[in-house]
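Two complexes come next, and they have one chain in common, subunit A, joined by subunit B in the first and subunit C in the second.
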Partner chain A sequence: MRGTVAALLAKELALELRTRESVPAMVMFSITTYVIFHFGLDANTVDGDLASGVLWVTLLFAAMLGVNRLFVAEHEQGGFDGFLLAPVDRTAMFVAKAITLFGFLCVVEIVAVPAFALLLLGPPLGQALPGLIVVLLAANIGIAVIGTLVAALAIQTRARDLMVALLALPLLVPVVLGAARATAPLLDHGGAQALPGDWLALLALYDLLFALIAYAIFDFLLED
Partner chain B sequence: MLTTAFALVFFYAPVDADQGIIQKIFYVHVPLAIVALCGFVAGGIFGLMHLRTRDRRWDMRSYVTIHLSIVLAVGVLITGSIWARASWGQWFVWDEPMLVVFLIVFLLYATYQPLRFSIEDPEKQSRYASVFAITAGAFVPLCFGAVRMAEGLTHPQAATMTTSGPASVSQTFLISLIGMALLFVTLCKYEMASKNATFKLRALRRRLAGEDDDFAAPVARSAAPQL
Partner chain C sequence: MPDSQPAVSLRGVGRRYGERVVLRDVTFDLAMGQTLVVFGPNGAGKTTLLRMLATLLRAHRGEVSVLGRALPDDGYAVRGQIGFLGHEPLLYRELSGRENLRFHARLHGVLATRVDKVLEAVGMAHRADDPVAECSRGMVQRLAVARAVLHEPELLLLDEPLANLDPAAITQVDPLIGAQSGRTRVLTSHDPAAGLAEADLVLGLKGGRAELLAPAADVTTDQIAELYA
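== the complex of A and B ==
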């Protein structure tokens, strides 16, 4: 299992380094979205609730781009068949894809969050950073798990892009809610305040439950 | 049963002191909501059974329960809005978690039919639909559990409303709930029977057509599972 996951991860990494399909697009998208928010809200700086809302909506839609692309190569080039022919545990595919998406999101955020601080955020980021990293990691796990499940579900349908958005957004509402509420006091007007533990706990619980569900039923999505 | 319940609603249960006659919608709205949510969860369980046994009939059951629950959910949203308009003065209130969660659940399930429709292979269609049913079926109690813990203050809880009032309220409510559940089960049975009849008819027609093999009626692609 571990070897399989490592092999699949190496494949994903090689693929992304050669084609550069997902991550640059996601980064560009998030920065463009900040610009759009600047004009849409007609605000030079944002803080508190509004800042965390802008940040999370942007990251969520950027993640949607990554989710859309997640299984496209497998679907179009017959990678699913190759994987099914190999005598390995099928859940390895889920674990590898979820880790890949998680990694993509982290890389995107390394660029997108400083860009947010630079372009839109009113209060300084430095103080809020440790708490923000915890929230980002917890939310990334949730988005990665649900995103992988939804991407695998939608890849066989004809209206793939549409189905991903329609399925993933309602399922991700609790993640965004928890993340945005947990982030809001960090980006507060008068400097960072304490990280709210209950929202973070909700986020962690949701991650855990969906990881278990996805782990249990992912097998059925790969059979042919 | 439902008729009895409605009769009781209008003649037996007392009129709410501060909401007046509009409070009667409670006996429709809450049972509808409870039955719809239970239907979603049941759809998930049937989906699980389908994945385990590979029996198409479980998929059919899952499809029918979810399909009818969506219909009931529309009813919940409509009656809920009417009630909210009358008692809170607004069609929809955002700071009420119960409403928002129900809306999210409804939006999620609204994609069930498009999902089925956009997968062409019927075997794959039923498998993917079952996976969706399980995921969403787990999502429903999860969300409502979280909401119960967080607890909105303005949304009247069924339990507190029925136990704190006079006994006639809780009796009427229980009968409405049972009536609604029975209605749901009956509708499920009817839809299942109608689907089965359609498939039998189609199979017979195909067998007839097989003999003079020109006339093979093309099967239209549909979101409903095929046996």
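== the complex of A and C ==
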């Protein structure tokens, strides 16, 4: 399966570099949203729960843009058929797509998180960064797994964009909740507190649960 | 697989989309190395039949066997031995022909050197690095032929394979997908004379039913024309 995943990842990277459809849109959305919050909240800086909420809600909606585009090339350009005609493990497509979305999210956050710190965050980002990176990675896994599963389901329907929002957002509530609660102490105005292990554990458990579900059912989503 | 076993065998096969039945009780055997040409008006079920043999669709009734394997259960075992050329080229428009073929080569476990060979064989070596989106329909069809034969399949499933190809291109791809390829073939056609010339066995579909099933030597172009009446 490793070779198939590698082939799919190389293709995903080539397509994104060629079309630049997903990542730039996600980055632009994040930065624009932080600018809107900057003026909309009528506050120069935010911290704690509010900062965490603003950070994660924005990243969640930016992720939805990527989820919506995830299987479009497969659907519109025969990528599904081309893949299904090959003698390969079909779960490889799930793994490759989830890794792709995870990668997109990481790239977006490399730009969006500093932009958030610059535009909105009160306390300095540096102290919170190590813990924040752990939370970002854990949440990205959850968003990538659930987003890939939902995108594969939604692409078969006529109202793809609507279905992604309707299915993904409820499923991602625990991820965003866990991520926001785990992030809040890191962005405390008095300086970064310890990373709350219980929320991080919830995130990891939820990631694992959906990874197993997706692994078990993805094959059936590609079936006729 | 023993030569005595049919390459493709269908028994009472049916398929529907929702309430609409597109194939009813289709039965035939196709021997190894032979060519079945499927005729029929639009919506007769030709493409559905090919997609079923390619393991992309399941039969809702009856039994399908391809290269000695029962579908859909053994689909995994035969996918690497099937070359499918449908209405869509199954190529990513933003990637070049070479990138597309390299991607498919990796999926099929084929060496990258084979990509250059098939690009040469379909006369696309000189445009291999252009994005597919910038190629003409005929060029895209040549690339689609290259994709279909990249892994040297035993069975070719060809849905109007010569569409969009000029005479020179038809001559060029003939060794790959024509009778001289030596492969077992199932192809669809709307051209009675050209189709009959290719066929060992003829299947005429109308409304999803097999209205005509006979060796090509026993079939006239008038009989095929009646399918379209």
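Everything that follows uses one rule, which is that the second predicted complex is superposed on the first by the 224 of 224 C-alpha atoms of A that agree within 3 Å, B and C clash if a C-alpha of one lies under 4 Å from a C-alpha of the other, contacts with A are read in each partner's own complex, and residues count from 1 in each chain.
By our rule, contacts are C-beta pairs under 8 Å (C-beta built on N, C-alpha and C of every residue); 3 or more make two chains touch, one makes a residue touch a chain.
These numbers come from a predicted model, not from an experiment.
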Subunit A superposed: clash or fit between subunit B and subunit C?
fit
Looking at the overlay, does A:R18 come into contact with subunit B only (first), subunit C only (second), both, or neither?
second
Which of subunit B and subunit C A:P174 touches, first, second, both or neither
first
Name the contact category of A:L85: first (subunit B only), second (subunit C only), both, or neither.
second
Would you check which partner chain A:L153 touches, where first means subunit B only, second means subunit C only, and both and neither mean what they say?
first
Check the residue A:A7 against both partner chains and state whether it touches subunit B (first), subunit C (second), both, or neither.
second
After the superposition on A, what does A:Q77 contact: first (subunit B), second (subunit C), both or neither?
second
After overlaying the two complexes, what is the shortest C-alpha distance between subunit B and subunit C, in Å?
5
So which bits of subunit A does subunit B touch that subunit C touches too?
223-224
Flag every residue of subunit A that touches subunit C in the complex, lowest number first.
3-4, 6-7, 10-11, 14-15, 18-19, 73, 77-79, 81-88, 223-224
Which subunit C residues qualify as touching subunit A in the complex?
54-58, 76-77, 79-80, 82, 84, 86, 88-95, 99, 103-104, 106-109, 131, 147
Residues of subunit A touching subunit B in the complex:
149, 153-154, 156-159, 162-163, 166-167, 169-171, 173-174, 202, 206, 209, 213-214, 217, 220-221, 223-224
Which of the residues in subunit B come into contact with subunit A in the complex?
51, 104-105, 107-108, 111, 114-115, 118-121, 124, 127-128, 130-132, 134-136, 138-139, 142-143, 146
